[in-house]
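Alright, structures below, take your time with them.
In the two complexes below, chain A is the common chain; its partner is chain B in one and chain C in the other.
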Partner chain A sequence: MNQTLDRRRLLATAALGGVVGATALGSLAPEAAFAAEATAVEPGMPDPNFAEGRISKISGNMLLVTGSDTVLHSIRITGGTSIWKLQPTTFDQVAVGDGLYARGVRLPDGTLAADAVWVNIVNLHAHIASVGRNVLHLDHKGQHIVGHVVPRLSAAVYNGTPAVSDLSLLRVGRHVQVLGAWHPDTNEIDIATVYAAA
Partner chain B sequence: MIEMIAALQPLVVGAVLLWSARVKLLSRHAAAVAGRSALVNLLGERRALPAYRLVGGVELTLGGLLVLPPALRAEAAAAAVLAAGFLAYLGYARRAAPTSSCGCLSARAAPVSRRGIARAGLLLAASGLAALAAGGWLAALTARPFAGTAVVLVELAAIVALSPELDRAWLLPLRQLRMRLTHPLRGNSGVPLLATVQQLQLSDAYRRVAPLLRSDVREHWDDGDWRFVGHAARYQGRAATAVFAVPLADPEPAAVRVAVVDDTTGHTLLSLAGTPPAAGPHLAVSPA
Partner chain C sequence: MAALRGEVSWFCCGSAWGPCGTAGGGACGTCRSGNYQHAWPNTSDACLAITRPDACGITGMSRRGCGFRHYTTNLCNGARVGTTIADCGPQTDLFCGERTCCGSACGSNRIIDLTPAAYSAIASLSTGLRPCSVDTV
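What follows is the complex of A and B.
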C-alpha cells in the first residue's frame, strides 16, 4: 500500500514538475524513440498481436483462452499490462469464464504478452425498453438485456459531447449504444458508457 | 352471462382478423414484413410474400363474415382452425427461426414471443367460445349494452397487451411518464474517468507521447484538483510509465501535462506541461 502511495507521489510529482520539455536522455521528440519499432502485419492475415475468447484456465500470470473460433491462446499478463473490467482494474479481478479481448506482442513460443486486456467488454446497439432504479432494460434486436448503472463508474455521452455522470437525460424508447462489462453467461451487463442523443 | 360473452366473440375475433388483414394487404411495408417472417424458412423467399398476402385475404374474408350477420357456427369453427394455424405457425417460427419477425398485427418488426403465442391462444379460445354461441353479437350487445361493451373492450385490451408490436403506442409512453415522475437515473455526479480520458486524448501532450504508449489506462487516482492517469509506455527500449495530470475543474485539453517515468530507476525521462493556447485569432469550435 505504502509502495503504491510512494510510486503515485513520484509519478504525480513528475507529471506536475515544472521542467517543461526536459528529458534525461536529450531527445525531445518521441517520434525518434519509436521510429524503428513498427511491427508488420501481413495483409489479409489475422492480426498476430490480438486474441479473443473465454478464459478456461488461469495459472500464475498466464491465461488460457479459448477463442470463439476454438483456437487456443496463451496470454501472459506482465507488469505493464492494463486490465479493464468495467474500469481499469487488477489481475486478481479476472476470473475463469470471463471473456476477453487482448492486444500485445506475440512471442516466439506463441504466447501473447499482453499490453492491454479488456475483460467481458461488450459494445451493443439497443433501444431502451424501460428504466428502473439504476437499471436500463435494453431491447437488442428483440433480446432483453439488463444494463446495471454503476454509481460513480457509469457515464453518458450525449450528442458526442464530453462524458458526464448524469444519466438522467436518457429516454425510454430511444436508441443507445452501450459499452459495458458482461456478467458471464447471463443477459446482464454493467454499464460503462451510454452513447445517446439528448 | 356466458351466453352473452360467447355471442360477442365473433365481433372480437372478426375485429382482430380485419386489423391483421389490413397490415398484410394494405401496408406499404408488407414485402419487407414477409421477408423478415418465418414464412421465408417455411416456403422460401419467392413464395413468402404471396403466402403472406393470401393469409391476409383469408383474414379479411373471415373477419368480414364474422362481423357481418348472419352469425353462423361454421364461421366460428373456421376462425378456430385459422387461430390454431397461427398457433402452430408461431410455435414453428419460434423453434425454427427464432430471429424472424411475427408480422402479425403491425408492420413493425417484433420477434415471435410468448406474448404473441398467448395472443394466438386467446384467439383460439375466443373462436371456440364463439362456436358455442346461439345468436348474433348485435342482439347480445343491444340486450346488455354496458356489460357487453365492457367485455369487448377488456378482450381487445388483452389482445393489445399481448401484442409486442403495439407496445410503442401505449406501453412506451406509460414508461416515459413513469420515468418523468420518478427520475430513476437521477443522482449520479462527479467527473467520470471517460471525460478525463477524452480530455487527455485531445491534448497536445497526448499527441506527443501517444506513440510511446503500450497499454490502455492502467491506473488512475485523484489528488487535490488533479486526476492522474497512468499508461505503460516504452521509451528507447526502457519500460516506463506515462502519467498524465488532468485538472478536474478545467476541461481544456491544453491544461493536460504528462511525464514519462522510468519504471526501474524512477527518473523522469520526458515531461511536457500543457501548452498555452496559440496567440492570435482564435476559432472557437463547439460540438454539435
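What follows is the complex of A and C.
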C-alpha cells in the first residue's frame, strides 16, 4: 500500500470537507512523511505546493496569506496539518501578522491544503555580538537580532553533538546558525536551536 | 562529479518577511524562497574565497555557475530534490568538522544550502540541518 498517496488523498479529502481537529490521518514520522513526497517540480522553478508570506486574515480553518511577492494564497488547515511555531503547536496559536512557510497539496480551486505549516520560522546565520541573561545579541548580515532563550525549550548543538539545554558554551564572536521563531514586526526572535561549530 | 557527502541547511532569499527581508536575490540575482534553488560554495573565485571548503579538507567540489543543476538527497529518509544554483554559500569554513547524523547516516561539513521550498520537499524546515549527498544526475 502506498502510504503517502493515501495520506495525501485523505488530506485533500479532509480539506475539501473542511475538517478541523480530525485525526483520521493518523501520523507519520516527520522524516518518513517527507521521504514519501513525490516532487515533480523542475529544478529552478517555483513549487506550486509551497507558499510563503504573512497572514492577513484567519477565517475558520482558512489562512489568507499575502506572499512577499504580493501573490495571495488561501491555505486550508486540516486535522492532518502539522503546525510549528517555535515548537509543534496547534492552530489556535497562529495569529494574523505571523509569517509562514507552508507545504501541502494544491486543490483544483487554488487552495493549498496544508500538510505542514512553519509559522514565523527563521534560520539565521549570524555572529554572537554579546551574551546577556537569557538573551543572545546577534549580528545577522549587519542587522541586530535579539535572540531570546526560552527556558526548557531553547537548545544548543555543539558541533553535531546531541542538543543540550546548556547554552553557556556559546561565546562572543562565534559564528552560529540559529533556528527560531520571529516576533512579528520586531528584530527579536525566540530561539529553538543554536548550532555552533567547534 | 562523484556524489559529495556533507550537510544541507536552508536559507531564505528574494522577497521575504522578517529578518529575511533584506536577503535579496542572491549572487545570481534570481534567488527566490519559493523556487527549487540552492547556494553552492564554488560559483566563482570570489565566492570560493569566502566559503573556503578547502579549509575543511573538502576536495572535488566543482566550479559551477548560476543555473547549474544539483540533486540533493536527505540521508535521513532518502528523499531527493533537484535545484539550480542561485547564490554563493554556505560559508563552509565557519563550521569545519561539524557532523550531523541520523542513526548511522552521517555527513560532515556544510556543502549546500537549499531554499525553503526545496528543503521542505525533503525535510521539515524545523530540522534546520541534515546529512546529505549531492550529485549532478
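As a convention for this text, the second predicted complex is superposed on the first by the 154 of 198 C-alpha atoms of A that agree within 3 Å, B and C clash if a C-alpha of one lies under 4 Å from a C-alpha of the other, contacts with A are read in each partner's own complex, and residues count from 1 in each chain.
Convention: a contact is a pair of C-beta atoms (placed from the backbone, for glycine too) under 8 Å apart; a residue touches a chain by one contact, two chains touch by 3 or more.
For clarity, every value in this text was computed on a predicted model and none was experimentally measured.
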item	value
Which of chain B and chain C A:P46 touches, first, second, both or neither	second
Chain B versus chain C as contact partner of A:G60, first or second or both or neither	neither
Which of chain B and chain C A:W84 touches, first, second, both or neither	both
Chain B versus chain C as contact partner of A:A116, first or second or both or neither	both
First, second, both or neither for A:P108, with chain B first and chain C second	neither
Partner chain(s) touched by A:H140 [first = chain B, second = chain C, both, neither]	second
Partner chain(s) touched by A:Q177 [first = chain B, second = chain C, both, neither]	second
Chain B versus chain C as contact partner of A:L153, first or second or both or neither	first
Contact residues of chain A, present in both the chain B and the chain C interface	30-31, 34, 37, 82, 84, 116, 118, 141, 157, 159-160, 192-193
Chain A - residues contacting chain C, complex	30-32, 34-37, 39, 41-47, 50-54, 67-69, 82, 84, 99, 101, 103, 116, 118, 120-125, 140-141, 143, 145, 157, 159-160, 175, 177, 179, 182, 184, 187, 189, 192-193, 195, 197-198
In the complex with chain A, residue positions of chain C that touch it	9-12, 14-20, 22, 32-37, 67, 69, 74, 76-84, 86, 90-91, 94-102, 108, 116-118, 120-129
Touching residues on chain B, where the partner in the complex is chain A	99, 109-111, 113, 168, 172, 175-176, 179, 183-195, 198-199, 208-209, 211-212, 214-221, 223, 226, 228, 230-232, 234-236, 239, 241, 243-245, 251, 257-259, 261, 263, 266-273, 287-288
Complex interface listing, chain A residues touching chain B	8, 10-12, 14-25, 28, 30-31, 33-34, 37, 79-84, 87-88, 115-116, 118, 129-135, 141-142, 149, 151-155, 157, 159-168, 170-173, 192-193
